[in-house]
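Across the two complexes that follow, chain A remains constant while its partner is chain B and subsequently chain C.
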Partner chain A sequence: MTETAVETTGPRDDDGPAPGAGRRSRRDLALLFMPGAVLVLLLLALSTRNPDLLSPDSLLAIADSAAPLMVLAIGVTVVILCGGIDLSIAALAALSSVLFALWIPLFGAAAAVPVIAVAALAGAVQGLVHVKAKVNSFIVTLGGLALWSGIALVISGARTVPVTDVDAIRWAFTTVAGLPSAVLIALGAVVVLGAVLRLTPAGRWVRAVGHAEQAARLAGIPVGAVKVAAFTTSGACAGLAGVLLVARTFSGAPSLGATLLLPAVAAVVVGGTAITGGFGGIGRTVIGALIVIVLRVGLSLIGVDAGFESIIYGVLIIGAVAVTIDRTKLDVLK
Partner chain B sequence: MAARMNRSRGTALIGSVVVALALSACGESSAEAEGEGSGSTGACAPEDVTLVGQVRNQTNPYEAAWLEGGDAFAESVGLEQQKLTYDGDSQQQQEQIRQVLASGDASCTVINALPNGDSDTTPIVNAADGADAWLVTQWNKPADLDPTAYDRWVAHLTYDGVESGYQIAKALFEEMGGSGGVIALQGILDTAAAQDRFLGLQKALEEYPDITLLDDQTADFDRATALEVTRTLLTQHGEEVGGIWAANDDMALGAVQALEAAGVDGVAVAGIDAVPEALEAIADGSMTATVSSDGPWQGAVGLAMGYCAATGELDVASIDAEDRAFFAEQFLITEDNVGEFSDPQLDMSEFDCDSLFSRATGPIAAS
Partner chain C sequence: MSNHVRPAAATSPVLAVRGLTKRYPGVLALDGMDLEVRPREVVGLIGENGAGKSTLLKSLVGLAQPDSGSIVVRGEEVRLRGVAHAASVGIGMVFQEQSLVPNITVAENILLGAEGSGVRGGLFRWRRMAELAQVQLDKIGSTVSARARTDSLTFAQRQMVEVAKVLALEERTAHEPVVLLDEPTSVLEREEVETLFAQVRRLRERASVVFVSHRLDEVLEISDRVYVLRNGRVVAEVDPAEVDATDLHHLLIGRESTGSHYHDDAQQQPAADVRLSVRDLQTAGCTQASFEIRAGEVLGVAGVQGSGREELCRALFGAVPGARGEVLLDGKPLRLDSPRAAVLAGVGYVPSERRTEGVVSSMSVTENMSMAHVGTVCRGPVIDGRRERALVDTWVRRLGIRTPSGDTAIGTLSGGNQQKVVLARWMVSEQLRLLILDHPTRGLDVGAKSEVYELIRELAGSGCAVLLLSDTLEEALAMSHRVLVMKDGRITACLDAPRGGKPDPVAIMEAMV
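And then the complex of A and B:
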């Protein structure tokens, strides 16, 4: 009985959140193909100014640069699908980078495991506070942002922690069969998370919660558990992103990756996941992360000053949200 | 079922993008140039060299001047400088470096970079070394990272903060007639720049026994903070204050504002960095001295070193070990010579392959 209820209330993978007329399906189609088309157009446009951008090495370098952002963004995608937001991801990645750098002398490469576990735990705590104390996820994770950055500052002594044992981090920043290992790790995370969301009820539950929480609760979905799991996933992804960042900078730092929050959220919404929840998926975020990195790297390669980049992010985010937002949920605009 | 179909649509989308990317890549793969090998001398034809200058942003006048210097050098050898800015974002700096190295012939690429922080130098050096590119770094480097351990990291250059702090202190004390009280505005205390510059002040104080340091406070290299701190210290020490030593120009300018607000005349102020506003202040007499690292020279000399190495005119292995990581000459600017620095001109003869290290004042002391 609960199953059928979910089927009718819960939106499906890439469907529009509300059943609608033919106009809706055209919008769906646009949402489905637009991110990919934007990515291709962007690459082609940038390559007219810098043809080397499309060389295989250069494309691999773009994918490599995108790896930490991609991992960060697929995690927060799950939270956004639930209808929440996780603003702590970049700070948590920075904290993870410090922990990883500090623990390498103790555990070697295996330090990645406890780091990701701690980050997942941190995510779970935020999820629990959000669910149990009924605090808005925006507020909880904004507090988390300050908290995790603060802890990272304290345990690192406000300094960069260099990694001297380079062998312990090489696995995350090398090439395997011509492909950057970070890309393989990121794609591995995408595949695992994608499989969980597709092959288990988790994906349906997450979208149902994001689409209509009350309906999901009535349908017997463990809403609280789903949300905590989403925040845990986001935390674990931030932990993995932190590890990947350490591998490429040979150090952990309380400021490392702190600048990735805006790009990560941009990757999610530019990929076409609705900030209102319920609609989207991590496949979209993969495309979104590539778009953001192509912008980050490509614009500077053709000589655009970095200062203009925030302007482009801002326009991009507002534009993407305006296109993807689910207006049926907005009774009141604040 | 509907869900399943949608899933496969999504997969197809990703698949088609990948194919599109691969197809567009194929057209360009033949353009990839062959490498020029490794080793400490290059064999690149001058026209094949790619010159890359990377700083934080172009809105900061000092860094904009750096890039202009790079442009001037590039023009003098018939090339164009690729200008990269990362807006203080370490991740983005690394991404840009890797992207530059992946597109085009890295073994004929010259990078003149301003690493965002000490720790950012390590990945930049590793990326450049892995791609056999020519690299010059400036300002920031971990103490234990040594260019002599690398074939193509031509040099690292920076400025002796003790010397900067000392020079402006002496100019300040001379202006005060060799006696009186000074207050010091320190930078962010846990930075090497702030610590070194303050050491320079203390060194000068030892030479001028009639000068007393009334107080030292940190103002975080920040103008607004310096304004507040100076206001407080002026109230506290009143007419005893004859001079204000600031660890950078921004704080010095904040102190000038505080003096004007308090209606105090005759207090000498000195800073470091030679920002345009400070030069104006020196010209109109409201500031006494500042120190310049000569941004345009920095932008040009890094590219020149890499260019000479890449074209084989300079064998990196033969460079004096003391010149691989060196302090460069800095210039005290006072009322007497401020005119020369308001519109700095590059002397292109400084970038001949045999005079690149003429401004080296000594090796960076290992700390």
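And then the complex of A and C:
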């Protein structure tokens, strides 16, 4: 299998896998089916406790409550695919919820557009700082987390901002053809992002940058632009998630995002996207987000205290990363 | 003169290497290497890039694990597990890129990991540390203060500190150590080299030294015995008193193969029009480079490590921040600020580090091949899968790339097939005007090399300009129409190398070192 055997005998006929290739494909195989299998097993296990769980109504309710988390998680998936991380998403979603609640009296339902634009801009700024000033995405977005939460607190006066004009947000919590509109909006975002990642050069570039940034750069891929675009996408998704959250709670709250970061990152890694970048995708995150939500529903179903939720997210994230991480990329672990 | 036989040594070797073999994916770095180091002698090692020098040194300090063969230290076979283990049997290395921690004192560095009585109860005893370190510095007569911060020293001074650090092994092993010096003179000024040589001569009174250098005159001056390495083997053992640099040049270059290997007959006359004109290119490691390449011309660049030729190539591709100069591609200014700009202008680059810079190894053959010019297979904003497959199939057939399918991860192919995909990445573009090849045949077997040479000929024949950095001088001469010679960041010569009139490699070698 080694290439050396033919060192002096000319071109080789059998192209055996390079070292590590075998292990890698086994890992890939496990990653391909595991998240889906986990989701199905989880649902079946919980249905023994409460058979109604598998009824269409109940499944739609789960999907409905998963919508904001799903939108948040697919955004950060793009950044993680590039090899970075965005810790600011939940804070940005909270800020967006406050902005949306504040702007509804001014713009009505159309307030969603400027809110998402502002969130996208915030993401773009983080991306630019990361690329131009060469600051770790971890640090830039950790700073962003504090910054956006702070702004949300200041402009809301540290209070929940209620939405009195319910008609302005009805579009986000009604049903269309029997499906909750939030689920349709989330699916729309999933389809658009999934198509971009799968079908366009930009999607290729995202994965190439995540797998091997230097090789991507030397192939002429605009690495900086790809990363800025990824952070912009993540910001826009956080904005949309903020809007969907307002439609669920009829208010914008600076504290709304505090409990969303961990589940969102958990959704990405549990879905099987590698935290080291390159490997994974939007479809995986959809399954990951459903696992996280079903877990949450299930825990309350079997009467586990809500405090345990956080413990489970912590274990899930570490466990999922331990399974999915691409160790061939790790030279020095920090 | 080759395989010069010495009279049986009076003493047994301190260190012996027997049949050492080390394979890396795609390359046989050590191919049954045999050599020995005797007490109190300076052994010189010379060889071209890829001859196996650095792999040998890494094996001797446990940073590479040989696949077969043995390392025998004072009669006992050892399996070295790492630098600390090597140190415990008395082998220490002074690294080319230096391995001192910059922000601590000289004394801390010398005693790092072996503080002994310099630490009591988990705390440093600074005076004791300084005394212990001074003992080592005195051995080589260094005037550096043990209490100085390491980053306040010059490169040459730090190198002396590294030597002192290696000498501290004596205290721990109760034997005379073996000191490996990897390219110690490559960044030193002439006077500093003299100082280093004085130290090496002192060192010989208490240790054995292995001296690796590209500079043949230095190896001849300082060594008691010289091994010439080629393709992972020792091809000659010579007595410096009996040879001169020219003899060594001949041994180094060797004769690998005949003209058909390089497809000599396919070397065509380049066109008259200038494709690339470079004036006063300035970048870290390369100054005032000015030259031209014509359409259809292969321009070779010869030079040793540190000559600046890698920097020159990468700067032209926009991969080195801060490169300046007047560069015209077909008369239009070429931006040097990003590879993206170079690619859009019609420049391609095949990097020397294939696995980390050339291919995205987890992605497919198809994705790797269409990576640089994916726009050509798009319909609207979307990649047209059928057109992409058709393009890739064409090039897979045309270049004879052996891959199970286009969807195979490129990392699972052999080095030669990976390299052909990287070449195809640039050849798919009809706008390709200049291709920069940075060690394009590194790590390839003979057959794959020959196929790459054929592709280079074909490319040049179609009017593309080629800038070629070769692993070996022989390759550069055979493939190029002209050869630039670089030394210490400057272009020192430019020689014509027409078909049937190739210049003498020894002359070029002399201009390089």
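Note that in this section the second predicted complex is superposed on the first by the 311 of 334 C-alpha atoms of A that agree within 3 Å, B and C clash if a C-alpha of one lies under 4 Å from a C-alpha of the other, contacts with A are read in each partner's own complex, and residues count from 1 in each chain.
Convention: contacts are C-beta pairs under 8 Å (C-beta built on N, C-alpha and C of every residue); 3 or more make two chains touch, one makes a residue touch a chain.
Model, not experiment: these values are computed from the prediction.
Undergrad: Using the touch criterion from the header, give the chain among chain B and chain C with more contacted residues in chain A.
TA: Touched residues of chain A are more numerous for B.
Undergrad: Quick check for you: in the superposed arrangement, does A:I221 touch first (chain B), second (chain C), both or neither?
TA: In the superposition, A:I221 touches chain C alone.
Undergrad: Looking at the overlay, does A:A212 come into contact with chain B only (first), chain C only (second), both, or neither?
TA: second
Undergrad: Between chain B (first) and chain C (second), which, if any, makes contact with A:L44: first, second, both or neither?
TA: A:L44 contacts chain B only, not chain C.
Undergrad: Report for A:G307: first if it touches chain B alone, second if chain C alone, otherwise both or neither.
TA: first
Undergrad: Applying the touch criterion given at the start, work out whether A:D52 contacts chain B, chain C, both or neither, answering first, second, both or neither.
TA: Touch status of A:D52: first partner only.
Undergrad: Going by the contact definition given at the top, which residues of chain A touch chain B in one complex and chain C in the other?
TA: Residues 12-13, 15, 204 of chain A touch both chain B and chain C.
Undergrad: Given the complex with chain B, which residues does chain A contribute to the contact?
TA: 12-15, 32-33, 36, 39-40, 43-44, 47, 50-62, 64-65, 68, 158-160, 162, 198, 204, 245, 248-251, 253, 255-257, 259-260, 281, 283-284, 286-287, 293, 296-297, 300-301, 303, 305-307, 309-310
Undergrad: Residue numbers of chain A touching chain C in their complex, please.
TA: Touch residues, chain A against chain C: 2-4, 6-13, 15-21, 24, 199-201, 204, 207-208, 211-212, 214-222, 278-279, 326.
Undergrad: For the complex, which residues does chain B have touching chain A?
TA: 2-3, 6-7, 9-11, 13-14, 16-17, 20-21, 24-25, 27-29, 31-32, 56-59, 82-87, 89-92, 94-96, 98-104, 117-120, 122-123, 126, 142, 190
Undergrad: How about chain C: which of its residues touch chain A in the complex?
TA: Contacts found on chain C: 23, 25-28, 317, 319, 338-340, 342-344, 349, 351, 356-363, 367, 371-372, 374-375, 378, 381-383, 402-404, 409, 411-417, 425, 445-448, 451.
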